[in-house]
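Right after this note come the structures.
Same chain, two partners: subunit A is paired with subunit B first, then with subunit C.
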Partner chain A sequence: MSNLLNLNNIDAGYGEFDVLKNINMYLDKHEIVALIGPNGAGKSTILKSIFNISDIKSGKIFFEENDITNKQTYELLNLGISYVPQGRINFATLTVKDNLLIGAELIKDKKKVKDNLNYIYSLFSVLKTKRKHLAYSLSGGEQQMLALGRALMDNPKVLLLDEPSLGLSPKLVKETFETITKLAKTGLSILIVEQNAKQALRMADRTYLLENGQIALEGNKKLLNHPKIKTIYLGGQI
Partner chain B sequence: MGTIQKNNIIETLKDSQKAFWLILFVIDIIFIFLCLQGILNEYFAHVLVVINIYLILSISLNLVMGFTGLLNLSHIALFGVGAYTSALMIMNGYSYLLSLLLAMLLPGVFAVLLMFATRKLKSDYLMLVTFGFSFLLYSIFISWTSLTRGPLGLNNIPKISFFDFTIYSTNQFLVFSTIMAIVSIIIIYNITKSSFGRLLQAVRDDEISLKLLGKNIELIKFKAMFISGLFAGLAGSLFAHYSQYIEPNSFWIVDLIFLLTVLIVGGLASNRGAVFGVIIIMILNESLRLLPIPSEILGPTRQIIYALILILILLYRPKGIFGRIDLK
Partner chain C sequence: MQLLFNSVVAGSIYALVAIGFSLIFQTNRFMHFAHGSAVVFSAYIAFHFFSLSNSLLIAIIATLILSSILGYLMHLLIYYPLQKKKSSSVILLIASFGILFLIDNGLLLYFGSGIKNINYFGPLRGMEFFGALITKPQLIIVLSSLLCLIFIYLLMTKTKLGRNLRAVADNNDLANIMGIESKKYMALSFIIGSVLASVAGVLIALEQTLSINMGTTYMIKGFTGAIIGGVNSVPASILGSYIVGLAENFGVWFLPSQFKEAISFILLFLFLLYKPNGLFGIDKSSRK
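Now for the complex of A and B:
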């Protein structure tokens, strides 16, 4: 129970529709954990059940040994959990700076907000140069950085990332993954859902493979050589 | 290179924003001075008073429609609630300040109740229901004859008086309404520039993302509607005591169309747009009087011109003169 985030026997879904069956997993401090698996396996639903967007039928979720099952969104954010949904959602007609500041709405200390803003600018320098531009004018990669930056504005301990590489060019995918690795080194724990199994396995400290709402495999980087992963997800060879 | 140019343009726009308000203020002061000196006649003072009242209305409607993105067509009805409340309170012997307070609070509460009833609705559907609300209140104004005297309207509404001071002349009312309009503009301007204003715009852009940031969307909408209702009520109260006569048709579709035209021409989600729109359309409106057309044709001509302006704006400048967003 000394892990940062624990999912114990989670059954979850949407209304009457069950997706996850008996999920047990954990996330440690400074760790990157990847969730891979085919479409509809329930990868995103795991993130959504942590962030209380999907309906948890049974089981409990613990964060720093506190029960966070069914907590309100603002309570989760205050505890230090941030969620970046799929598809680079930004506030299109707000400036880049305003987009970032909205991520820090829960912080009352103005100096802290300013420090965080400067930290994000140092992390993603393009956001600084384009801080007065409207969000919709950014490129796909920049919008992903903005969404990431906004999630980082309220000093999270855990970042839940839903397919940050979606729709990005190979070069940008590489850059995004490098940023995520960099973030983990600053002490952040990251739970990432990824379609790009090979990249995810290389980056993550540990990986869970999901199939039909259940964890089929679990392991560290050595999972790359697992015959099942090789044949089904990586096209037979690496 | 492109970035540098773009930044320069933004800087210039920022400066021009200050210049815009300053120029407007100076022109306003000059006109008021000319009116007070008797160089401009009472007709000018009257037009300026009407502009002031519409300024409060348009800038407060812009807060919900432009900034928060709620297609709210109930504003004219809230204006009416403010006018009737203020008139009836004063006619029943209450003080002006108390009447004004209630005339602002009641539309605010109505706006929140309407928002509560329509909290699940968006865009066109919200527009239809809020439009229905305007019809509903219109029929209340017409049918509740024991209170509102129905189509006869309320006449002999007393002038504004507070602290042993009564506003008699049009010129005095001009000064009073100008102060009210400027205060309203300053308050709403500061709201839109605050972090709350940022949240309003975030609601407009993407409600779900904002929910994921732990914000209570409904509460934000209620607050926006309440503030907007307060100022609609203020405008209503000013209108009632200025014209001293109100009837249901003062709060009907014609004025709603005027308000919408103003916002679309000026530009949504821009305070400058909301102010500039009123001035432009009012000048156009009044200059039509100078044309040699009989008064029974004047009304329909105005409607045709509004329609024409709207079509031209939507064709060639869909964001309006100062606007930042398209009408969705």
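Now for the complex of A and C:
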């Protein structure tokens, strides 16, 4: 149990509605782990259950060996877990800079906040040029950069990403994946939900395939050659 | 000139009501119609403590404290338990009407329906000011609202607290994810809103005679101001409120003065029908 993040026998859903059944998974330090699977398999629900947004019915979640199952949503960032929800969600009526500063809400040291801001600006230079624009006026790709940048402002240990490539152009998808790989090299552990199975498998150290709320397959990059993955995701249907 | 000045006086009060209302609306996502009752409650409390102590200062302090407590209690005892049960905004709206009737009738029970006013300034003599007659309480209304508005503007734009409030107003789920405890800020907006309502209440008590049903009138005016400007933005609500003040006072140039109250309703209908985002409101759906 020396993993960074552990999900043990998680059953979760929304109210009466059950989605996840007996999920067991883990994330190690400096690891990129991908969650792939068809629509409605429960990929996003796993991230939401970590952040206490969906309802956990049974099972436990551990972060750095502490039980975080019943932590409130707003307490998790302070522990070092940052979450980028699906759909490029930002504070639409706030400026780019304010959005980023909210990401650093929990850091008291002003110099540190400034350093982090400059780091994000160096990562995504367009955010610097548009720092005074309101977030809703950005393009789709820029909004995704902002969401990612904001999630990084607090120096998290773990980053949960929910379909960062959704709705982006192929060029931007490629750039997004490059950025994620770059971030992992800085020592960040990343749990990423992805529709784009091929890209995800190539990038991730390990991958879980989810079907009907259960883990159907688990493995490293070799999973690319698994017959099931080949037929369902890479061969015929998509 | 006189009309312009009267508009500014009326607009100042509406603006105080409107920003409290719009702040609560933005962070809590429902129409808190009992906000008007908070204004009347404050006006009566100010009157009550002034009658008891004959000191305006004591009356003001008592009003500020009691109104903030009232605002917080409304949130804590009624709205928050409903929000926790994930009640729809319609349920919360109905609850707010319940609170409105409760407070209004409670005041009626305690104070009776007789006319009340604080006779602090004695008989009023207006001062000449660019050809307009201005009384002292009117001047106080304009100046103190202006101070409050500037204070709120600075609070919302220049401080961390204001940024967090705006973040919760924009998207409270995301705010929670970003480590901002949104329910704390939802309660805080009730307190700030109630403080503004109490300022409005004291100012009204200074200038006018009080009656129980004036709360609803002020609520409608403030609400109209917020809608005209754009309920999603505090500065826009302020501008909208001054527009209501202007429209009312200049409207009676052309219409019989009984229509004064109707003007803001007509404006409200027109804006709700044709420009529901208000003049300066942000339509977030314009780009996805």
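Points worth noting:
Assume the second predicted complex is superposed on the first by the 235 of 238 C-alpha atoms of A that agree within 3 Å, B and C clash if a C-alpha of one lies under 4 Å from a C-alpha of the other, contacts with A are read in each partner's own complex, and residues count from 1 in each chain.
Here is the rule we go by: a residue touches a chain if its C-beta (ideal position, glycine included) is under 8 Å from a C-beta of that chain, and two chains touch if they have at least 3 such contacts.
As the structure is a computational prediction, the values presented were derived from the model and not from experiment.
When both complexes are overlaid on subunit A, subunit B and subunit C end up clashing with each other. When both complexes are overlaid on chain A, the residue A:Tyr74 reaches subunit B and subunit C alike. Look at A:Glu65: by the touch rule set out above, it reaches neither subunit B nor subunit C.
Legend: residue contacts after superposition of the two complexes on their common chain; A:Glu218 is shown touching neither subunit B nor subunit C. After overlaying the two complexes on the shared chain, residue contacts for A:Leu94 are found with subunit B and with subunit C alike.
Once the two complexes are laid over each other on the shared chain, residue contacts for A:Tyr83 go to subunit B and to subunit C alike. When the two complexes are overlaid on their common chain A, residue A:Lys132 makes contact with subunit B while staying clear of subunit C. When the two complexes are superposed on chain A, the residues of subunit A that touch both subunit B and subunit C are 51, 53, 72-78, 83, 85, 89-94, 98, 101-103, 105-106, 150.
If you check the complex, the residues on subunit A that touch subunit B are 51, 53, 72-78, 83, 85, 89-94, 98, 101-103, 105-106, 129-130, 132-133, 150.
Subunit C makes touch with subunit A in their complex at residues 160, 163-164, 166-167, 169-171, 173-182, 232-233, 282, 284, 286-287.
Within the complex formed with subunit A, the subunit B residues making contact are 3, 6-7, 10, 195, 198-199, 201-202, 204-206, 208-215, 269, 324-325. Of all the residues in subunit A, the ones that touch subunit C in their complex are 51, 53, 72-78, 83, 85, 89-94, 98, 101-103, 105-106, 134, 136-137, 150, 154.
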